[in-house]
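Take a look at these structures.
One chain, chain A, links the two complexes that follow: it is found with chain B in the first and with chain C in the second.
The block that comes next holds the complex of A and B.
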């Protein structure tokens, strides 16, 4: 991480206005989540604060509600498959763009990043209309295509950033010493790309797992994801069962954050900060 | 790598982009299912003459701009303080600002139901303190939608501003102050022009997200605070009006592009002025 030069000013110069605004920012970002945690342990049957008594009943209710369990399975499956496919398709494309000496490589690169500029709801509509209704592709097929398209820009950009740091001379040396292109890729290039691949995989899985717009439009029998099941539950009933699910997902996010920190660095992966 | 091999490596990705993105996106405008050709253009013209629809476009633009302004107002100070901090806690504070990005929008928005609901934190506090027996309706208002979207997109604003600010040497500000510039003048003449690229990126990302969000307006705004995103969903999944859905999709995308272009232009002007 490149740090700005140290200030000559005393470190504790007061900036009351900035500090107040920054505290407000943190309260808005994190405050509501704290209340959700409290409500999840209520023994009452509505979203009420302060919670009425303590119980784990809503965790039990969440664990026995079929759409959440099925949704969790669907979400995990789609997120894993989309991440793997986006990397399997994206890494070769990254290699071609960075090492291929192609004419118009900037155009090709921008083409791979282009899905990001289209609102997710619009992408979802296009796929729903044209592939599902128009061509009759199954809901699960279109859901997987949509999520893969969603992740492709991240896969190409993040692994590309890793590859840009790698010295092509290493690969040329391997080739010069008699290694074939495949051996060179697996023995020289891939190890260099590993942090980028890890970062893209974590980012891709989280992005797909949490997505609502695509999953909402591309629904069919057996393709309801967990966030969509939660959204639909909240729209129809006012009991705190979704608070309990939220607490479970919050804990899972903490685990992902710790794993990400160990792998590559949490702020690097999710903040795109430093390289 | 030979040129032929490079092209071969691109083929799967290009095929996926073509079949799963470019062709459907173009065909969505040219030929939605069960509609005559050029019907999308028709519907678009109708919408732009319909006061109800113009109201929705205006609300979408307004909410997007307010959320963007608030995110920059609150996010810039966080980014600035973190980028200038020498504390060992600054890394953790930065991580805390980014952490919400790991949670689904449903989870993040759900918190506001607890805060703003009729038996929520604010309502209970108002009645508990004896301020009022009938707390005001907080949920299903435009303010609720703005609050939810600000929470959702603050991390993006902070991260974008931070990446600009952490590259600016603190000594530049010291030099300006040392030469007699006031704090405000230093901010306006030194810091802001240099931080502008990050702020423009942040504003563009925040607006694009806020103006096209679905989860938050549907949960916190209810049916009375319709935005373009809700209208798109309505046409495509409730009334099955394909041409209408395509026209709204075009409107939404055009709005995002227009504001992105305008903020890039304003950012450049601010720097060269």
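The block that comes next holds the complex of A and C.
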């Protein structure tokens, strides 16, 4: 009897093994981040754990270090611009692939998704060769183009996922009610896709902001992104300034996540990505 | 260009081929003003495709479609003034009920006050005026359907198109909505085309029944004309005539199970029909009566009977009344 009843136990019953595993997983994921956070508030001058005392001096140091400030500006600018351009190109492409009677739509779809499988170093090198050396495009221009290409698959996939979930009859219904194709797009298609577009924007921005390989390859004077600046700093000095910057970035990521959750909801953002 | 008939919708030799598949194949159809026409037939017979061509979502590969007497064959959907209710309802998830219903009027540039009044009127007709502030996801399936109906009616369409409007509802709600649909259609007087594969629904609602078979019209007419006199075996089968047999002097005929009488083997044969001896091979209890399967001289015959004295294996006499036997074109 007790054996047969086991599978019927309530879901809330304690499961010690599972709990231990879950806690361990969180520790492994968050441990390094917590370590960095602790180090950032040290009053000592080296990265040691446990930190010596408490101070905000490394945040001050980070805020007055020019390459970080410039890098932050560049990163924010590139991430914003690349996200906007990738969406502006990616959304119409998604619509064409999903709703249009495009000949060879599979080819178009694969073309837009290909950067995801292409190693970023290869992409960066190709852009460097062809655009910067070959055509003389400026460093910032190439950086922007590179990041846009990097984000296109996200724009196409994430908006595509929410488009695939949307009922195609919605647009037909709008047409039948008297709305032309343009009105239908702005009054129905776009609003229905809004959560998907917001998700693609958040994902795109974060991806661009955190990118290292492409930014590193395409860097030029005045176009170092924040991660590149941090990398270069770490190569020469080993003090808690980088930890302080990391904490700021971590905080920013949390803020973005909370705002995104408030705006559209996480399950909406990440629910459709797999499909 | 007017076509000279007073039908609201007229299809002239309309075909739609998808590659090798003839989804609709030379359909002629006239839908009189104010009538309710039911398109019915088994799955894949071309009902939805026909409806979508009338709405303008699909274009005929041959033939012409006239709406309000004008050639609408190549016209975009937004130029046709048609109210369509989709099987999935297709309510706009980002708009309230009232905004959904007002959508067609808004894109037509109707003044805001007028939109509100007419949206309210349409919602009142379907009995949902108190829910106008809700979002579609906050409604039950039946309510969503009523909103879809109100949205289609609000634009005062030339014709209302309904694609299996009741198929997503549970059995009880379906019967309720069927009556509701009949009332709304009668009160609004809107010319309506209803797609269904439920013959009961068509019989109950339609002024005109059009039965499709593989993209062609198998038979069309008033239910009271078609039901007692199916033109061929396909229509008969579809309408629930289970028995097909050859009777002396009448050729190939069909008869409904409830019209076949099962009588004792001995005794005199009644007048006004033909008798044949048979053996009961199976009895399936159905509540109000039983479905009796008989072997009648090699033909398998189904009869509805409520006589408790019938048993499997009994020898009986089957009786086919002349006025219930329907001759079929072979």
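As a working rule, the second predicted complex is superposed on the first by the 236 of 275 C-alpha atoms of A that agree within 3 Å, B and C clash if a C-alpha of one lies under 4 Å from a C-alpha of the other, contacts with A are read in each partner's own complex, and residues count from 1 in each chain.
Note that contacts are C-beta pairs under 8 Å (C-beta built on N, C-alpha and C of every residue); 3 or more make two chains touch, one makes a residue touch a chain.
No experiment lies behind these values; they were computed from the predicted model shown.
Colleague: Classify the contacts of A:179 with the two partner chains as first (chain B alone), second (chain C alone), both, or neither.
Modeller: The second partner, chain C, only.
Colleague: Chain A residues in contact: does chain B have more, or chain C?
Modeller: Comparing touch counts on chain A for chain B and chain C gives B.
Colleague: For A:96, using the defined touch cut-off, is the partner it touches chain B, chain C, both, or neither? Pick first, second, both or neither.
Modeller: first
Colleague: Output check: A:63 vs chain B and chain C. Expected answer is one of first, second, both, neither. What do you get?
Modeller: In the superposition, A:63 touches no partner, neither chain B nor chain C.
Colleague: State whether A:50 touches chain B only (first), chain C only (second), both chains, or neither.
Modeller: So A:50 only meets chain B here.
Colleague: Looking at the overlay, what does A:206 touch: chain B (first), chain C (second), both, or neither?
Modeller: A:206 contacts chain B only, not chain C.
Colleague: For A:249, decide between first (touching chain B), second (touching chain C), both and neither.
Modeller: The answer is first: A:249 touches chain B but not chain C.
Colleague: Of all residues in chain A, which touch chain C in the complex?
Modeller: Counting only chain A, the residues touching chain C are 167, 169-170, 172-180, 183, 187-188, 191-192, 194.
Colleague: Which of the residues in chain A come into contact with chain B in the complex?
Modeller: 1-9, 11, 15, 17-19, 21-22, 24-26, 28-33, 35-36, 38-39, 46-50, 88-90, 92-93, 95-97, 99-102, 108, 111-112, 114-115, 117-123, 125-131, 133-134, 145-146, 148-149, 152, 156, 181, 206, 209-210, 212-213, 216-217, 226-227, 230-231, 234-235, 242-243, 245-246, 249-250, 253, 256-257, 261, 266-267, 270-273
Colleague: Within their complex, state which residues of chain B touch chain A.
Modeller: So the residues of chain B in touch with chain A come to 1, 3, 5-7, 9-10, 12-14, 16-17, 19-21, 23-25, 27-28, 32-33, 73-75, 77-78, 80-81, 83-84, 86, 91, 93-108, 110-115, 117, 119-121, 124, 147, 150-151, 154-155, 158-159, 162-163, 165-171, 173-174, 177, 208, 212, 214-215, 218-219, 229, 232-233, 236-237, 242, 245-246, 249, 252-253, 256-257.
Colleague: Can you list the residues on chain C that touch chain A in the complex?
Modeller: It comes out as residues 55-57, 76-78, 80-84, 86-88, 90, 92-94, 103-104, 107-108, 151-152, 155.
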